[in-house]
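First chain written, first letter: the chains are A, B, C and D, and each begins at residue 1.
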Amino acid sequence: MIELPTDPDAAVSDLKDGSTVLIGGFGEAGLPFALVDALLRCDAGDLTVVNNNAGNGDTGLAALLGAGRVRKIICSYPRQVDSWIFDGLYRSGKIELELVPQGTLAERIRAGGAGIGAFYTPTGAGTPLAAGKEVRTIEGRQYVLEYPIHGDVALIRAHLADGMGNLVYRKTGRNFGPVMATAATTTIVEVDRIVAIGSLDPEIVVTPGIFVDRVVVAERRSVKESLGASA
Amino acid sequence: MIELPTDPDAAVSDLKDGSTVLIGGFGEAGLPFALVDALLRCDAGDLTVVNNNAGNGDTGLAALLGAGRVRKIICSYPRQVDSWIFDGLYRSGKIELELVPQGTLAERIRAGGAGIGAFYTPTGAGTPLAAGKEVRTIEGRQYVLEYPIHGDVALIRAHLADGMGNLVYRKTGRNFGPVMATAATTTIVEVDRIVAIGSLDPEIVVTPGIFVDRVVVAERRSVKESLGASA
Amino acid sequence: MSAYLTRSEMAQMVARDIPAGSYVNLGIGQPTLVSDYLTADQHVVLHTENGMLGMGPQAEGDEVDPDLVNAGKIAVTELPGAAYFHHADSFAIMRGGHLDICVMGAFQVSAGGDLANWHTGEPGAIPAVGGAMDLAAGAKEVFVMMTLFTKDGTPKLVPKCTYPLTGVGCVSRVYTERAVFHLTPDGISVKETFGTSIDELAESLDVAVVA
Amino acid sequence: MSAYLTRSEMAQMVARDIPAGSYVNLGIGQPTLVSDYLTADQHVVLHTENGMLGMGPQAEGDEVDPDLVNAGKIAVTELPGAAYFHHADSFAIMRGGHLDICVMGAFQVSAGGDLANWHTGEPGAIPAVGGAMDLAAGAKEVFVMMTLFTKDGTPKLVPKCTYPLTGVGCVSRVYTERAVFHLTPDGISVKETFGTSIDELAESLDVAVVA
């Protein structure tokens, strides 16, 4: 049964120091703005964050990094035009980076949720990102052994949730949400709206409620509005 | 771009001896009746068949086995009350059986479609089905190394296809269809109806058209009707 | 109680012990009976391996839809809030440890929680495993429902399984007609007895049991 | 032709060479231009790594939806027949060999088809790989669009990459402002030249090229 916290702050209030936090989104699409802002307001530190990127501008995930709350980030693409906060921390050795090819990142999270102990992927074989990793030749091709990623908490954004926690997403906002939801001990979701049980067609549910622990309603905000609100 | 063969026989007419054929369905649900019947009418033999079961009664997959066209079957649950054709062949050593736990079967097919070279699963560790397989302890738990399954052809049933080959399924008829569609060189689908491009909501597509090669319309038949028609 | 439990009473005991809000998979055969005794208050969500959460009771009459069946291929219904998914996703739910409880039958269970329920190992027997090994490996807790003895009186709760294993150290509870057993790292604890006593059980079994 | 190609003309060449009905991924940056020259007759379906097939042109005005972006996080549109899926499924499409062609930029390509396009390897450079290695490992064919020389005149089509690799032996074609190269097991074949000759190319490169 899902919990329905009153607001994003209540949803993340029990987050512990040293947690691994999976954060959905690909750029702005699917980013759980409200939950990330709430994460910034709570006091958990020494976090490991898993996200495709490493924050943009001065708000949200970037602000969390800037506040010194993140020990390590696991991502595929930290370098962006406005990733100055990460850039500074990385150059001064104040944050650990585990760089993972994007598909390997998604697959490691899926493996975490699906109980797979490890898998061999061709991605990255023969490149510096395979350095130190076990490599095996299967049917004449080189594969790299990769291990699952588990989160203590996943923070994701979906479009609608029903009272069972079943989720549907919007367009490319879906991205990492469905796999992250499966791979965390506690999955916290912000949605545009909660609908009655029975009002989502069982054929179109993307994330079944079994993967969802808490749902909060949070209005969609664009990055620009977010920047304005925090400036 | 997908092909639209005129009938199930045309759809499977180029199947070659020695092919590996992935056949969807869990019992009757999702079973591509018309394509399996067409398979029976074509002359390809020495087949390896991948299906959850090993045929029921005297028709469909069971008839294909009975006709001596299948060299090997890869499945999780061959033994059923009406699997007498398989039972006889197996007991007389006329068919090879590779028995795979159902989740490992699904995951091996997914791995085949997803380009994963091999994966470690906890399922079956410490049991006779792990005999002869590589076992590895990861984080204190035993895992068995399993390899992907690829098909030359997948025969599956879906509910609707659009002109791009995008598919939606019906209820538990979905089962192995979506993973089998990804894992075969040629994926052939029978559907209740073909609808116009643009009439399936992109949010609810289960199998994107990239995985689909041929679509034929075939009316749903129950096993009983099938038995009657063939008797 | 003065008599051994019937199958239905065993199912009732299992149903009673499932915590509210659990996600549960009921194996084919006898465990299916458990669903008859789950109450609406329990808000238990049933998973079926062939791709569904929110499975409802067996379908009757016009409800029968050949595309909507359970793991035993029996026509069932869907409840509000159900969801369908494909087989790889369904077994990811199982293998990934997302089911709170699964209930299965067994040929044998060992004191250490090993489960044997897929193969008698007899020559000529046709092996069939289905989803049993995935459930054994994946569910947070595995409950077994079985008779405590075979028809010829041999105990099925044993020091070590002689039948081929389904899973290692996975069973946490065994519901039988004579008692409910909890398998713990400290040994086998008898929680309730029906028509027998702990002493009688201790005498008839080759494994140590405590209250 | 008498002049080197512009970027747009290079994109046009790539578009021309994509077979009808192909499923294609266009990398961020310059390869995105290719979509401007694909014709409706080609029925090319565009994949974007962040979870979509059937991607349409860049969104304008009211079409802009922050939930609908491409791999470069630019707002795009959806075409009829599109489909959305999650990241693991999207990269299963890539890794599983289902894309016919991907088009990427490069720092260097080796004669053997090795690709270097994710990291300069310079001290202090912040590494970022995104989906480049997945595309390199997974697409049936990898086309590269790049200038043939760096700004200081060093060739980018090289005997062996000195930059960190993205993928090994994956590139099949290189589209440059001066020529289109096909990389084959028998060597590098020059298919077309623009404002130069095969002899001039052969002289300026450290790799052998043939007509």
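Criterion: a residue touches a chain if its C-beta (ideal position, glycine included) is under 8 Å from a C-beta of that chain, and two chains touch if they have at least 3 such contacts.
Keep in mind it's a predicted model, so treat the numbers as computed, not measured.
K.L.:
Could you quickly compare A-D and A-C and let me know which has more C-beta contacts?
P.N.:
A-D
K.L.:
List the centre-to-centre spacing of chain A and chain D in whole Å, with centres computed as mean CA coordinates.
P.N.:
A distance of 28 Å separates the two centres.
K.L.:
Can you compute the centre-to-centre distance for chain A and chain B, using the mean CA position of each chain? Integer Å is fine.
P.N.:
Centre separation, chain A to chain B: 34 Å.
K.L.:
Spell out, as numbers or ranges, the residues of chain A touching 2 or more other chains.
P.N.:
Residues 107, 110, 114-116, 121-122, 169-171, 202-203 of chain A each touch two or more of the other chains.
K.L.:
Among all residues of chain C, which ones touch two or more of the remaining chains?
P.N.:
Counting only residues that touch two or more other chains, chain C contributes 52, 78, 84-85, 91-92, 94-95, 137-138.
K.L.:
Return all touching chain pairs.
P.N.:
A-B, A-C, A-D, B-C, B-D
K.L.:
Under the stated contact criterion, what part of chain C meets chain A in this complex?
P.N.:
20-21, 23, 43, 45, 47, 52-54, 78, 80-85, 91-99, 137-138
K.L.:
For the complex, which residues does chain B have touching chain A?
P.N.:
107, 111, 114-122, 136, 138-139, 141, 143, 147, 168-171, 201-204
K.L.:
Once bound in the complex, which stretches of chain B touch chain C?
P.N.:
Residues in contact with chain C: 26-30, 76-80, 83, 86-87, 90-91, 97, 99-104, 106-107, 109-110, 121-129, 142, 169-179, 206, 220, 222-223.
K.L.:
Under the definition above, what is the set of chain A residues touching chain C in their complex?
P.N.:
So the residues of chain A touching chain C come out as 1, 110, 112-116, 162-164, 166, 182, 197-198, 200, 202-203, 205, 208-211.
K.L.:
Over in the complex, which chain D residues touch chain A? Could you list them?
P.N.:
48-52, 65-69, 73, 78, 84-88, 90-92, 94-95, 119, 124, 126-134, 136-138, 164-168
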